Every structure is written in C-alpha cells, then in structure tokens.
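To keep things simple, chains are lettered A, B, C, D and E as they appear, and every chain counts its residues starting from 1.
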Amino acid sequence: GGQVRGAGGSPRPSTGGTPAGQTATQDNEATFVYAPNLDVVTDWDPATSYSNEIIALSNIYEGLTRYNAATKEAEPRLATEWSSADGGKEWTFKLRQGVKFHTGAPLDAEAAKKAIERTMKSNGGAAYIWGAVDKIETPDDATLKFTLKYASPMDLIASSGYAAYLYDAEALEKNEDDVKNGKLDVGTGPYTIDSWRKGQETELTLKAFEDYWGGWRPEQYKKVAFRVTPEITTAWQLVQRGEVNFVQRLNPQLFQQAGMTEGVQAKQAPSFQNLLVLFNTAEGPAKDVRVRQALQHAIDYDGLVAALKGAGQKAGGLVPPGLLGHTTGLEPKQDLDKARALLQEAGYGPDNPELKLTLTYAQGDEDQKLLVTLLTAALKQVNVTLQARAMPWNAQWDRGKKGDQDIFVMYWFPDYADPFSWFFNVFRSAEDVQFNLSYLKDGAIDEAIDKLPELAATDPLAADQAYADLQKKIIQEKAAVAVPYVQTYQRALTADVLGYVDNPAYPNVVFFYDLKPAG
Amino acid sequence: MPRHLILRLGQAFLVMVGVVALTFVITRMVPGDPAVAYAGPRATPEQLAEVRERFGLDEPLWVQLAVYVRDLATGDWQTSLHTRRPVLEDLYHAFPASLELVGAGLVIAIAVGVPVGVLAARFRGRFPDFSVRLTSMLAVSLPVFWLALALQTVFGSTLGWFPVAGEYDGSLDTTSPLTLWTNITVVDALITGNWPILTSTLAHLALPALVVAAYPAGVIAQLVRATLIEEASQDHARLERALGFRETTILTRFALRPALNPVLSLIALVFAYAIVNGFLVEAVFNWPGLGRYAVSAISHSDTPAVAGVTLLVALMYVFANLVVDLLQGVIDPRTRAR
Amino acid sequence: MPRVARLPRVTDRFALAGAVLITLIALAAVLAPWLAPHPPGEVDPLNALSPPDGEHWFGTDAAGRDVFSRVLHGGQTSLLIAVAVLAVSATAGVLLGVVAGYAGGWVRDVIMRITDVFLAFPALLLSVALAVVLEPSVTTVIVAIAVTWWPWYARLSAATAASIATRPYVDAARCLGVPAIMIILRHVLPNSLTPVLVQLSLDAGGVILTAAALSYLGLGAQDPTAEWGLMVEQGQTLFTTNWWVVTFPGLAILLTAFAFNVLGEGLRDALDPRRIVK
Amino acid sequence: MIEVRDLRVRYGGRVVADVPELDVAPGECVAIVGESGSGKSTTLMALLGLTEGAEVSGRVRVAGVDVLTASPARLRAIRGARVALVMQSPQAALSPTTRLGTLMRRALKLHGVGDAERVMAEAVEAVLLDPAILRRYPHEVSGGQAQRFAIALAIALGAEAILADEPTSALDVTVQAEVVAVLRELCAARGLALLLVSHDLALVSTIAHRVLVMRDGEVVESGPAARVLAEPSHPYTRELLEALP
Amino acid sequence: MSLLRAERVTLGYGRTPVVHDVTLDIVEGGVGLIGESGSGKTTLARAFLGLLTPMSGNIWYGNQNLKKADMRRFRGDVQPVFQAEALDPRMRAGASVAEALPRHARHRVPELLEQVGLDPALADRRPHQLSGGQRQRVVIARALAVNPRLLILDEPTSALDVTVQAKILDLLAGLPAGRLLITHNLAVVGRLCRTSHVLFAGRVVESGPTADLLDRPAHPYTLALRDAVPRLGGEPPAARGRAEARPARTGCPFRLRCPMAVAECESAPALRDLDGRRRVACHRAEEVLREPSGRR
C-alpha cells in the first residue's frame, strides 16, 4: 500500500522565506537546516549515545549544567544552583521547578536520580563520567545529592555533552523500541523529534516542544532539519545557495572564500580537540626513547600550522588553551639536526641501516594526511622510511589495541570541559589497552594521574602545577607523544542567522533555541 | 524456449550460489571487529562478548556460513551494525534511489548513444563520424568523480541552472507529500500525478544522471557505430542498396536491429558498472542511494550491510543478464533458433 | 570516380595518434626523474597551494609539493598499474577462456560459471575487501582490479576460441595427433588474440580510471606515492578554490585513458580479421 | 538495356576488372565465366554503382541512366525497380532480422508499387514458392528458396534486367535445374535482360546467348555462346574447356 | 579387410541427429560420398576421423572399435583434406606441414612440398599469400607427411576453378593412399572412386560401384542428380518445379520431390540389396532402373 512520505517533516531553509519588512516578532516559520557530513544518529539512547548524534540530542535533552566557554564555568540548566562539601566529595544540586519531559511527566529529583542511575548502569558510551559517584540521594523533590568515592568536579561532569542528560527513564523503559527507532524521545530540551529516516538525505527533523520551560518567543526557530552532506564542496554550494543554514566544517580554502561571499558568514572558533601523535613505547624501534625524541624533532610544527591555513593553531603541551592545566613553554619546534644526532645514537640515521616505521591514521582526514606527508618527507632526510596507512577509525583502533604500529595518530577531546581525560584515558597504564595507544606503563605517572581529580576539586593552583609537571614528564622525558596542533573549527552560516556562538565543550553542536533570523 | 529458459534460470541460480559464498568470504575480510562497531568505542569486554554471541560471531566460520545461507533464503539479511535496522529494509529504502539514478543514466545513454552511433556510421570517415568518435572516446575516458565535480560546479553552482545536490526539494514534503508505491520517486510522482515533486526530482536528477550516462553513452555510440558499419558491409546491405533503399533507411530499418543485440548485452554489463560508478556520483551529488549506504557501511565495518549491498548488486546483475538474454531472442530471431 | 564513398584512412591515423600519444606519456613517465623540476615528495608547507606560476607550472598541493613533478611521476604508477593489471588479467582470462572455449562441454560450463560469479561481483566491493586484507598499496590495487577484470577476457576469448575450435585447421591438427595443449597454444590461442588485443587497449583507460576511483576512495595507492587518482582525491575538496591541484592529475588521467581508447579504436579497425586475411 | 564501354574498376590502384564492351539487350542472356577472382562479381556490382571504395571509369548505361555520373537519387530510382541484383550467396544477402515479406513489402513501397499483397503473392508463386515463405526469416529457408525469393523480388518490382551472380554455386544439380528454368522462362516470356555470372561452363552453354570469358580482370574472349564454347580462340578458354572432367 | 567401417552409426550435434543409421565400408579403390547440401557428408567424414563420437553405432578401425583404438596409430593412418580454411591463417605453409612431422623429420618439408608439385620456396608464405590451388596442395602435403593409409577428402576442389581442379585431381589419383571423397561433382567421383554412396537427408539412399550408379541409377534422387547435370552444349536440364520441398519427416525422405512417389512411399523403405553389388532404399528401385539410361 501507499505510504505518505514526509508528512510533518518539513525542511525549508530560512533564506528567502522571510520577505523584507517582516518584523522580528512575527512567527518564524522557517526551518533551520544543518548540514552534517555524517549520518546524524547512531544511538538514540540518551544514556549510551556517544557519537555524532550529539548535534541533535543536545537540543532534545539537557543536563544539570551547561559549560560556558566564555566564563570557563558550568552554568545552570536543569539545576539552578549547586554547592560542594567535604573537599569536593559531596555535591548538592537544586533542580529547576516547572520542567516537563516531552512525555508530559514532570522533572523531579526522583526522576533525575533514576535517569542518572540508569545511565550509570548501562555502562555504555560515556557513562564512565559518573565513575566517582558512590550514591545519589533525594532529600526532597527539588534536591539531588551526590556522595562521591573521590573528589571530582561534579558541576563540570554534569555539563558533559554525553551521558549527562536527565530523561524520563520510566517512559523510556516502557517504550524502549520507540526510543531506539527515533519515534519518541524522553528529554526536557526545547526540541523534540519530528521525523527520523535513517539513511535519507534529510535524515532528521526536529520541532519545537511547546511546553519548554524556557518558553518560546515568536522569532525563534520552531523547526530544524539535518541534511546529511558528506562532501564539503557540496555542502559549501548548498550554503551559498541558501539551501542549508549551517555547515559544521569547511576546509581553510572554502572558509576563506566564505569570508568573502555575500550572504554567508564565516565563523571560526578554537576547539578542545588536538592531534596526538602517539609513539609505541612498548615495542619496536620506538621503544628506544631516543628514537621517539628524534621523531618529535622531525615534525615540522610550524610548516604544518602554516599549511593548515587557519584550520589549527600550534599546540603547547597536551591540554588545549581554555582548560585548566594548559601550559605555555612547551611549544615544540622542528630540529632535524637534533633528530639526526639522536637517531645516530640509537644506531639509525643517514649512515646506518634504514629505519622503517609504521604509522596509522584516520582515513579521509585531510589534516592528518598533511601531517603524515610532511613527516614522511622530513624523515626521509634522516634515512627513516615511514609506512603510513590511512584506515577507517574502527580498523585503526582495532589494530592500535593490538599494538601493531609504531606511530598512532588520533584526535583527542574531552567529554566534559576538563583536561583529565587526556591523562586518564590516554596515558594511564591499563591491562586492556583502550586509548593508551602509546602503551605507556609508568607507576609514577599513574600515581600522579590518580591524584589529579581531588587536587582539581580542592586546590586548583596545585592542580595546575601537577598538570604542568605531568605534561613535561610525558612529552619531554618519556617522549610518548607529540602534539602538533589544536584544531580550529571553521564553519559557515547563512548571513541571516543571528546569535550563533561556538562552544568547544559541545563539538559541532548548534543550540538552535539560542538563534534567531535577522529581522 | 521453455527448456532454454529453465536452463538459463538454473545457471543464474548457480551463479547466485557462488556469489553468496564469495560474499561470505569477503565479509569476513572486511576491516575491524564488527562487534566493536556495534557495541561502540568504549564498550566493555563483557558487552563485546555479548554482542558476539548475539550475532553468532563466536561460532566457527562454517557454522556462520550455514546460518548465513539459511537466513538469506528466509529473507533475513541480518541487521546492520551501523543503522541497527534489518539490512533488507535499509536496502529497500536506498536501492530505489540508485535505480532511479542509474535507470535515468542508462535511458540518457541509450537515447544519445544509439542515434549518435547511427549518425557516425551514416557519415563514416567524414566530419560527423570523426567528432562522434572523438567525443565518445572522451566520454569513456573521463574520470567520473572529476566530471561530477565539474558539472556540479559549472551548471549547479556557477550558472545555477540545476540544483547542486539531493533528490528533490525537501520542502515539497509538506506542500505536496508524495504517496510511495514503488519507492522510486520519479515513478511514484508520475503515477500519483504529483507534478511539483516530479519536476523537482527531474531537475535534481539531470546532472547526476548525465554523469552516470557519460560512460555508457560513449561505449554504446562506439559499439553501435562499429556494428552498424559491420552490418552495412555485409552482403545483405548490398542487396538493400541494389534494391534502391537509402543509406539511412538501410542503417535504421535493416542494420540497426541486429546491431542492437550487442548493445543489449552491453547494457547488462554497463548496468552493474553504472551502479558502482554511481557510488562516486552519489557521494558528490548527495544522492540518497545505495552508494552512500555502501560507502558508509564500508567505513563503519558494517559487515552485514556490505554483504547486503554486494548481494543486491550481484542479484541485479544476474537478473539484468537474464532479461537481456531473453530480450535478445526477441530482437534477433537467429538466437531464438539456437 | 566521384560520389563513391572512400574507405576512411582515418582509422589507421587513429591508431597512430593513440600510439604516439601513449609513447609520449610513457616517455614522460619514465623520464620523470630527469624531467621533473622537483622530487615528487619534496614538501614546502610555507608555499602550500600556490597557483601555477613560473616556478611551479602546475602550482603546488596542500603540502606544498610541486604538482607538475607529481603528475610526471604519477604516470609511472598509473601506467605500471595499467600494464600490470592487463598483463595479469589478460593472461589468466585468456588462458581460462581459451581452454573453456576449446574444450566445450562441462569444462566450459564450470569455467564460465565461475567467471560469471566474479563478473556479477561489484568490482569495487571486491577491491575493498582485498585492499583491506592486503593493505592498501599499488600492489593491492593491481591484484584487486585484476581479480575483477579477468572474467571479461575469459568471456571474450571463450567465445572466440569456441568458434576457432570448429575451424577445419584445428580439426586438421587434431587429426595429425597434435596434443590438445599444443593445439590450444599453437592454433587456438594466437587466433583468439585479435579481439583481446583490441579490448586490452580499450581497457587500459578503464583500468587507470578504476585505479583512480579506488585511490579516490582511499583504497589504493597511499600518500606519498604519486598516483593520479590519489592526487585527484587529495585535491577534490579544493576543486572550487584551488583548481590546479585536482585539474592537472584529472587531465592526465583523461589524456592517458583517451590515448589508449584512441589506440584501441584504431586497432579495432586496423586489425579487422578480414583485413589480415585478405 | 545494359551498355558498357571501357569499364575499368580499380581497388587501391590495382585493376580488378577491365571490360571494353558489354551489352545486354532485352530478352537476351549474357554470361560471364572465368577463374575465381577474375573480376566477375566486381563487374556486376559496378553496373549498379555498388563498388564501394573502388575507382571506376568508363561509360556505363543501365536502363537509360549513366551510372557513373548519375545522382544518388537517380541511381536509387533504377536500382531494384528496373535492374535487380541476385547476389552470390543468397542467404547472406538477406538481412537476418527481417522477414522475407517485410523486405519485399518495404521494397515495393519504396518504388511505389501499388496493391503490394497481390503483387507479392503472384511473384512468389511465379517461382513456385509457397507464399507462406514470406513470413519466415532468412535462416528459416533453404538456399534454393532464398535464391528464388531474390528472383521473385526482381519480378515483383517489375525489373527489366536481372544481374545474377553465381546463383547456383552452393546447390546440388537438381535444385540448380529449378532456378535455371525460372530464369530462362523470364527471358523468353517477358523480354528480360539477364546477365549471369557462373564458372560452370556446361550450365552456361545451355542457357546463355553470348559469353564473356574473364581472367585476371581482363576479358580474354567474348562472343556468341555456341561459338566461344565450341571453337574457343583464346588459350585460356581452351584450357577451361579441356579441364572439364 | 577394410581399414575403416561405420556400422549403423547415428551422428548429430547436441541432441539432434543429422545422420541416421548409416553403414559404410571404406574399401579399396576409393569411396565416393555424394548428396545434397546439408545431407550429412561432412558430419560422416568427421566421425570417420574420430572428431565426432557417434550417438549410436560403432566405427571400426581394423578390428578395433575406434573409441578404444590406439589413437596414435590411427592418426598416422587416417588423414583429412578439408574443404576450406584448413590452414591456420597465422602459420606459414612450411610450419603447417612441419606440424605433422616429428621434430627430427622437419627437413622433409621441402621434399613433401615438391611431391605435391609446389615450389619449396612457398614454405615461407602465409595462407592468404597463396592461391586456392596452392593452399589445397599444402593441405595435401601436410596430410601426406604422416604417410597415411587413408585420406578423407571433403570437397578438396570445389573452391578451385576447373583448371586448377584438374591438376589436384591428377595428384590425388596418383597417390598410393586409399580415399574417401566427398563432392558435389559427379564427374569427379566417377574419376576417383570405384565405389560410391549417395546420401539424402542423413541416410544412405543408394550405394554401389560408381560406374553402375551413374549409368543406371536405382534411386530417383540419384537419377535426378544425374539428369540435372548440365552438359556442354546440351539442352538445359529439365526442371521439375518442386525442389523447395524439404526432406519428408516420415516415410521416404525423398518422396515429396520424387516424380515416382506413390502411396507406398509413406512407409520408409529399407536399404536393400539389389543385384549383389548394389544397395538401394527405394520401393520402386526396379522401375527406376528401367528409366532410359543417361545421355552420357
């Protein structure tokens, strides 16, 4: 039988939709069209979601707090105020009143507790962020009290883009299939699912949730559509024609062009994402620290940043600017003579047998490829042959877990605005390798890492120092990693969209509620 | 004829069996651990084990093969690890768009290639022939992704004559929603008389279909030209000349029909080629078809999905070949006698 | 005599033009180390993406490498792929095809069904799997394409061989007691080669294009190898902003594929069996 | 009907047929004999301007049209309608995908012959064929049938001259007898001009009024059949006759 | 004892039989095979050469069944000379002949070419550079290279003009080997074969000494063949006007074309002995014999 396609779903870009002279107070009928380069949703479960769908879920679900990139602090969202006690081991959040789930149920402390506990139990996605929680109590309807095993910055954790959503767990459990199939959502956010068609070009449309606690003003966007557009050039042409409103990432050349194109605004913002070049400290030639140091010196950091043409800025240490623990004075520099000397000591280099190293990086990533190209050329001068291989992430990671390469290239960014994950996930030794892809095993470093959360919660100054020391140790002493640059987001919006602010804690997320068309 | 038909079907079946076995082997070679792909990047070993068990990934290979064949036969093409929906259902949504694109491309290719081939044969050795040959050789030499980008930039972006991407204007979904019968937008719009969607889809189809058509059109033009010249040098063309027929009449009324036979068998081959070529074209024009599905399945180590696409394309190929074989009998009575 | 159509000499000129073009391209590729103004891997990040000028005729790519030099060197890889794939798949395909065509009966059936299975397979997907198992590289591309390419020759030569096998001279050889293998090698094979030869030159362009498509999908040659398809892939997002990065390697592919097609078309006419025999 | 003076056909500079004189009057049968490759078929083709790729010189008048200088349209007007060709291998000369009747119908329509169905049936019956044969494809009829169909085509179009090229080469003698009988009958009854190519001297001697003997592209002897075959003057003709088993 | 003998063989391609139940002995003095085009002559020849396995019946090679015979010896004993295209277009004449010779005997090529009256210098030419007559001689030279006891000749001269034909026939007549000759040309059979068989629609309809056969045919088809041969300076051969009829599927296959057909012919006539030397498959053979003898 015939089935009507798209009834309800209505992606229509705003450009041209608003005739001149229309006042801002008139109802905004336009659809905001977002052009992601990948499929939007892989996992609809707010507990385990850990992928690209953040760009949609962040508008459907909310957490207790949200990170403010300008003030570098968490600010109220579903919690209106909070306090900590016992040296950061006890946290009390006051819930906002009058908040309703999309299911119609009210948000109270019990519901919030249920959601967080379900997320913790799911143990999937980023659920680990709640790892410090010992127990949750609800002294009254509007209060949520966390008791922790060790001190942790709960206000920041609660602002995480993943696994921190409060949702109607009861309704979810009752309608699990509907939630999984994108027919139902159980959030509190300003938008709710309108239609979801996996694999279609316009994969997902959202519509305003009428009973949103923040209320609705006429000029806000009531409809949102996600139009999947893998090719950057295609996306760029669509935004130029006004068929989409937001392209999450352009390359520097298109970005430059966007800056000069009428009807398009180019937006650039630093991110919390940096590139890690991890050296195999456990096996192979890179086990020799001198080889690793030589590799660090072989990278043409300045050349790379120049060639990135604005898509990245030179890094100083492991922690990007804007986060606690960011240090200066660790800026690396290429020094081929030093690299040659170090290799010579290690028994390689121009006059010795050729050194062959394998490297894996992400397929389709132009910036990583640039690094690889430059590194290959540089290493060739010191008689090192780099066998670089681009792989899909899954395959690359699988191989990485087996320790099957000398150099592993990947991006890292935190789940919430905190530097801890760079250390805990990437450099703390582990039985089962997950992201410790330099295979570093150092008791002293492990010990220092374990002390960080409490330090951060109790003595920020000491924490800053501890972060700085650790970075020196990992980068200079152990030479386990080279950090060439921090990525800069380069995005394009149609000129008629006002109010867009990039928030590095929520990569690629547009908070549609905060936008309005130019009047 | 029925015996021939049965024999032909039997062969097609055997080929399908081979394809299934080969598909299975290949899916076991696709990168990455499918369990990891399904369970997500930070899954625990227990979760992985559970996923492995759920999908039978812990069984010995031959058991997996047996299960695979049984499931295929019963219409269970497994569940995509990436979209988490039955592969058959995904294909049901993605394939019609590809069919639409490739179908349109082939129609253009035939509509252009055949007459142009006739033209070249009619004026062989003269200027029209020369230019047709040159153009058709260019058409088969163009890297398809390059052509796609060029056409998109020139006709879509710069001149603005055609839409640059997508299957139709999405806002039409509200103003004139389309009732789906076949899932092929053009066909559904046609049978339900939905003109806004039809015109929008045709406009969106123009550029990508042209890109898909380039290669087959070139090959068809060359083939038609060659076979027509061959036919026109046969004794029977001499007789037709001796009877006073015009050269053009001889080519179109007498020589073209036998010449269409090789063109037909070519089309079955080109069909599969065009689907795969379509993968690249679909990426550029953001066409919501099989190609996009396949490319994303490949990059997500989505074994069942890759297998599904492979099987489907192979199935289409075998089917197209079958149809062509039967059609050939209609076009050339000599093959029927065999 | 007016008005009687003259048989076109154009055909031979086509073959000649194709051959000359290919020779030039091959020469450029072979002499690349001497002709190219820069080593293909020489990076200059500070001069990345500079447009064509006197120093860099074809401009530079994202890593500041000289596109002209890379196009010249890329010819080596692309031609190597074409020659290797065609050699491997033609050898395998023709041998199998000729055996199938000559033997007929169940031998033919078995070989042709296997051929059909491989034919039915989307080349790209088979290549994907192989590229993964064997690690993407030029060799992988060669193997992957060859695996999906040979059935064409098997089909083609099986058909020709089947018709050759009924010729009286083959019967005559059988009556002389010449062993089957010798009959195949001495009579059937050489006489089945003409259509294959034509097809080969027509296909050379196709192989280069397929290799380019594989590279384009990241399954083929790997950076820093200079290969045309890979270069187009690397430049494709720059198509509207830095046209030279993608246009020149694209043109190189086009030109080479075109040259082979011209040669093949020319050969098709020039090697017309009727012409040979007459 | 047919008048040829100094016809010379060259392929790539090589003369393959050189015919100083060849006339065929209505009701007359002229035969060309000679060794294989001596230019017999080429001569026949030249009479209708069908020698593609050849250089042709001389003067050829057929049915009142100067073949070598006439416009393509005038040539097409005599081809088929006034002068019909019966080609060397009958089955190969029929388009494999066209039914015999379709071909005949198209040809009749082309030359504006009215009442096609009746004309077709009569012509086919005149050569003792079953009209049902018109519904068949060429591969479904025997060589003899195809041969006679070609003659029927000429009759239906009302041709005044038939150029027949070795019409019996692949037939056994019994079938040959049938074909020959039909042709003779046409000459006698309808004043048809018949130009026959054959290498069967015995056959020629029984039906031709005059004979041309060709060798290596040249006419070595010509004259009344009775004389040429009884008292050959050229050594090659003698050689031919002596070689008869 | 004849070298080769077909015993009740049925031959066909795929599943369709084209030669039915034929018994034929290749005896001394040359055996001729005549018959309508498409009647199965070449098919029969291929079977005798072991290129085609009978659907039923046997071929005897001496006292061995050909299926089980020693093929090496057989190949040395029996050689074909085919109609056309018997030479690989890509091979030089010398190489084609040499292919028949063991490696150490390759020097015999010139000698063999001379034996068939060819200039040994022609050994370097490819088939298309040779005339039809020369080509046919190369084929014969190749067949002779193995010193065969029997030649199977399928229209060895039909592509040649009469002058060349005569020379080849002389050559063949002078060879020591036995022969099975297939031709349309009755005169040629008369010259080269002591015994002949007439084939019609895949069946032997008459066989016997060639001279008898041509002088006093006992089968209407043989009679028609003889009478339809045009004679130099003679009357045009008589036409009967029913030649288009295909062989009948039931009964006597010739009956639709037969001027003497009667109701009895609707049952198939068996091949029967006529006078001890002749066999014929016709119900009315005796009446045919009484037809006025040939104009010869």
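We take it that a contact is a pair of C-beta atoms (placed from the backbone, for glycine too) under 8 Å apart; a residue touches a chain by one contact, two chains touch by 3 or more.
All of these numbers come straight from a predicted model, not from anything done at the bench.
J.: Give the chains in contact with both subunit A and subunit C, ordered by label.
T.: B
J.: Count the C-beta contact pairs for D-E and for C-E, then tell me which is higher.
T.: Looking at D-E and C-E side by side, D-E shows more C-beta contacts.
J.: Nearest whole angstrom, what separates the Cα centre of subunit B from the Cα centre of subunit E?
T.: Computed value for the inter-centroid distance: 54 Å.
J.: Need the CA-centroid distance for the pair subunit C / subunit D, whole Å please.
T.: Centre separation, subunit C to subunit D: 49 Å.
J.: Just the number, please: Cα centre separation of subunit A and subunit B in whole Å.
T.: 39
J.: Hey, how far is the Cα centre of subunit A from the one of subunit D, in Å?
T.: For subunit A versus subunit D, the centre distance works out to 88 Å.
J.: By residue number and range, which residues of subunit C touch two or more other chains?
T.: Residue numbers touching two or more other chains: 5-7, 132, 236, 239-240.
J.: So which bits of subunit A are touching at least two other chains?
T.: 231, 233, 237, 363-364, 395
J.: Which residues belonging to subunit E are in contact with no fewer than two other chains?
T.: none
J.: Which of the residues in subunit B come into contact with subunit C in the complex?
T.: These residues of subunit B touch subunit C: 11, 14-15, 18-19, 22, 26-27, 29-31, 124-125, 129-130, 133, 137-138, 140-146, 149-150, 153, 157, 222, 226, 269, 272, 275-277, 279-280, 294-295, 298, 306, 309-310, 313-314, 317-318.
J.: Which of the residues in subunit A come into contact with subunit C in the complex?
T.: Per the touch definition, subunit A meets subunit C at residues 231-233, 236-237, 251, 253-254, 256-257, 300, 303-304, 306-307, 309, 363-364, 366, 369-370, 372-374, 376-378, 380, 388-390, 395.
J.: For subunit D, which residues are in contact with subunit E within the complex?
T.: Per the touch definition, subunit D meets subunit E at residues 34-36, 128-130, 142-145, 148, 170-178, 180-182, 184, 199-203, 205-207, 226, 229-230, 239-245.
J.: Give every residue of subunit A touching subunit B within the complex, in rising order.
T.: Residues 2-12, 31, 38-39, 42-43, 48, 50-51, 123-126, 128, 180, 197-202, 225, 227-231, 233-234, 237-238, 240-241, 243, 363-364, 391-392, 394-395, 397-398, 432, 434.
J.: Which residues of subunit D touch subunit B in the complex?
T.: Going by the criterion above, the answer is residues 45, 48, 50, 76-81, 84-85, 87-89, 92-98, 103, 106-107, 110-111, 137, 139-140, 150, 153, 157.
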